[in-house]
Amino acid sequence: MTNMIKTESVKHEYTSHTGKSIMALNGIDISIEKGEFVAILGHNGSGKSTLAKHFNALLLPNSGTIMVKNIDTKNEEMLWEIRQIAGMVFQNPDNQIVATIVEEDVAFGPENLAVESKEIRKRVDEALKAVDMYEYRKHGPHLLSGGQKQRIAIAGIIAMKPECIILDEPTAMLDPSGRKEVIDTIMKLNQEEGITIVLITHYMDEAVNADRVYVMEDGMLVMDGTPKDVFSQVEKMKSLGLDVPQVTEICHELRKEGIKLPADILTVEEMVVELCRLK
Amino acid sequence: MSIKVENLSYIYMKDTVFEHKALDDVSFEIKDGEFLGLIGHTGSGKSTLIQHLNGLMKPTSGKVFIDEDDINSKTTVKKTIRERVGLVFQYPEHQLFEETVFRDVAYGPKNLGLDDNEIENRVRFALDMVKLDYNEIKDISPFDLSGGQKRRVAIAGVLAMKPKILILDEPTAGLDPRGRDEILGEIKELHETHKITVILVSHSMEDIAKLVDKIIVMNKGKIVFIDKPSVIFRESLMLESIGLGVPQATKLARELKEKGLDIGECLSIEDAKLQILKVLRSKKND
Amino acid sequence: MIKDITIGQYIPADTPVHNLDPRSKIIITFVFITALFLVNTFFGYIYILAFMGIALGLSKISPKYLFRGLKPLVFIIVLTAILNIFMTEGEIIYKLWKLTITKEGLIQAAFMCIRLVFLITGASLLTLTTSPIALTDGIEKLLNPFKKIGVPAHELAMMMTIALRFIPTLLEETDKIMKAQMARGADFESGNMIARAKAMVPLLVPLFISAFRRADELAMAMEARCYRGGDKRTRMKQLKFEMRDIYASIITIAFGGLIIWSRF
């Protein structure tokens, strides 16, 4: 397995406009393998967005190093390579679409990379098909739903042929159907195209399908493991201001009452199977 | 204070190619002191409906009554309607504009023409309701606050109007679980201690199930259901067909029943826990 | 009212006019406007009308739609007519207190109004048949030679694109904030000028803040997508002159010649 992103004791401090110095990242060591689907959970202000912006050199650490595919993000000469390898999708779908026509927007990234025009056309069509938005290629973005806009933003990144996509709370402003569209798209890209996914979120249900979950608090990684490892620690998750799936919580409550159930139930289906066994 | 809606229809961009029926013959009644949930997927007409309830939108046909007053009749003063029916839009923090929290929250009461003394009382009351310390926060710029605090100041700006009916359009959108629980807790308290009628628009079935007495389900500009949560969530297949879900606890109960383990109806974690325990323990005693 | 403004709207279609290179269309419009100002007789307008007629016919845009674009500008046209009628000296036909209507004034007014109508419809025809993106591309390419003397061609075009992109978003936002403040008892419609201007503050402040926040986020998103200015950038759609551009140029040159000839 090869490293996609590797950080070593990354610290990031900034001064807020009230003059207070804030330690947004306080010693982050994380290693993300190629092809992995990683979710980073944390409440607002835990430092997860700041961390995400370090992964493609939008921010640089005060100390420590971040390597993206073995390139140090401090290396200014490699800046554009890093951003091409590790693409980024942001929270607000409106504020990352540049052009007035969907396909023109998807072309924006490859145009910046000076890709040849025929090749851009090919990449744009492929990218739009990959996010299932090909039929909307001639539309104006303002007429699309939030979920559709976010898929256009993802297509804009795919057209740059990245190896890793970092999504900074891509679903925070979407309704449930929009959230599902985006998460399904991400999962498909991870499974079918082998693209490494780093999903920053505070919705626990989106992290359930990840290979690995990290939980952040006060600029530090406080939990890490498979979704089952992490969510089964119901009390700890709650103390960090995060949710666990309702069934996991029901399971936790029943275990406290002495019912013999495994601690790591995450889905309704698993719970039904276990309860029927007890009956 | 009660709301009565009679045969309300609203046609968007009438007589153009974009013509679209946003509300289609909607009628319902909300009694004084009820806590009502309004659900429906994006574009189902929820936002259009709530904007009709305080006269921000004028119906194409039909009537809206707030306490027997037809809000669109010429003799009704719009300001008195907006004083009685408070509306908190989605992402309300985007409407903040004053230099200090005090002045921003005071904007509504000032528009009502109240005297300084009463304005101060109102601001104190409103900030208190959203659990912000008046003395600590009143002179701070609202733009220096955290996301969750901004949202609460914005909600206080509506509460300072002392509405008898409070409508909130997804008040927890974009907040993390802690911020969400705090805001919902404050709304619940407001309803319980001040007997305010609340209409909550939300995409979270879990939150709706936890809080409301009654649910209105909308689809394509029409009301498809209006009933108690336990009744509404029985219709899980129907809800799924119009792009909505049910709380996970409800889904669990349904699937257990299909497998022959009937634990009754569940809306919350607490329900599920107690009912599963009851069933399991009674089985053991058999 | 807003839906009547046809300048700046684009009606997609597959016609010879739509398919012309935007650079050709911009230059042709430029020649057309110059010709319009060179015309000095009513007779000259026949050529203009003929040219306009051909372009309109080929573009398959309904004349009714084109003329609807005049509606919001009726005020300017009427004002021009009134000023010309009363301010031109000459043979007096009618006298009303201090105002006089002259024969020359009436002729001049008619002449100016026709010119204005052609000017507006001509410009509308350009935007109705050219997508905003093609238009900005065309402007960028046409301005490129002037880069050497410091004209920021790419930056201007990028600014236009972003402005066009965000107009609908900001309009929607304005409506939302306005309603949110109205729900807090704001009144945007009554009172004198000063009171109304003051009432706009709760609308404008949030709108500006939001526009700045959007600009900030957009800049970051563009940077993350490797945007670093216009140099070395390629384009997906490249502009190409084709046979139809040559035909259009020939017709336009002939038209220009006719206009100049008509002056003598």
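Chains: A, B and C, in written order; residue numbering restarts at 1 for each.
Rule of thumb we're sticking to: a contact is a pair of C-beta atoms (placed from the backbone, for glycine too) under 8 Å apart; a residue touches a chain by one contact, two chains touch by 3 or more.
Every value quoted in this text rests on a predicted model; they were computed, and no experiment measured them.
K.L.:
Quick check on the contact graph: shortest path length from chain A to chain B, in steps?
P.N.:
The distance in steps between these two chains is 1.
K.L.:
Report which of A-C and B-C is connected by more C-beta pairs in contact.
P.N.:
A-C
K.L.:
Indicate the whole-number Å distance between the mean C-alpha point of chain A and the mean C-alpha point of chain B.
P.N.:
30
K.L.:
Distance between chain B and chain C based on Cα centroids, please, to the nearest Å.
P.N.:
Spacing between the chain centres: roughly 45 Å.
K.L.:
For chain C, which residues count as touching chain A in their complex?
P.N.:
12, 131-133, 161-162, 164-165, 168-169, 172, 213-214, 217-218, 220-228, 232-238
K.L.:
Which part of chain A faces chain B closely enough to touch in the complex?
P.N.:
That would be residues 17-18, 43-45, 145-146, 172-173, 175-178, 202, 241-243, 245-247, 249-250, 253-254, 257, 259, 268-269, 271-272, 275-276, 278-279 of chain A.
K.L.:
Going by the contact rule set out above, which residues of chain C touch chain B in the complex?
P.N.:
3, 173, 176-177, 179-187, 201-202, 205-206, 209-210
K.L.:
Give every residue of chain B touching chain C within the complex, in rising order.
P.N.:
16, 51, 54, 56, 79, 82-83, 86-87, 89, 92, 94-97, 107-108, 111-112, 143, 157-158, 161
K.L.:
Would you mind writing out the residues of chain A in touch with chain C in their complex?
P.N.:
Interface residues on chain A, with respect to chain C: 56, 58, 80, 83-84, 87-88, 90, 92, 94-101, 103-104, 107-117, 120-121, 124, 138, 140-142, 153, 156-157, 160.
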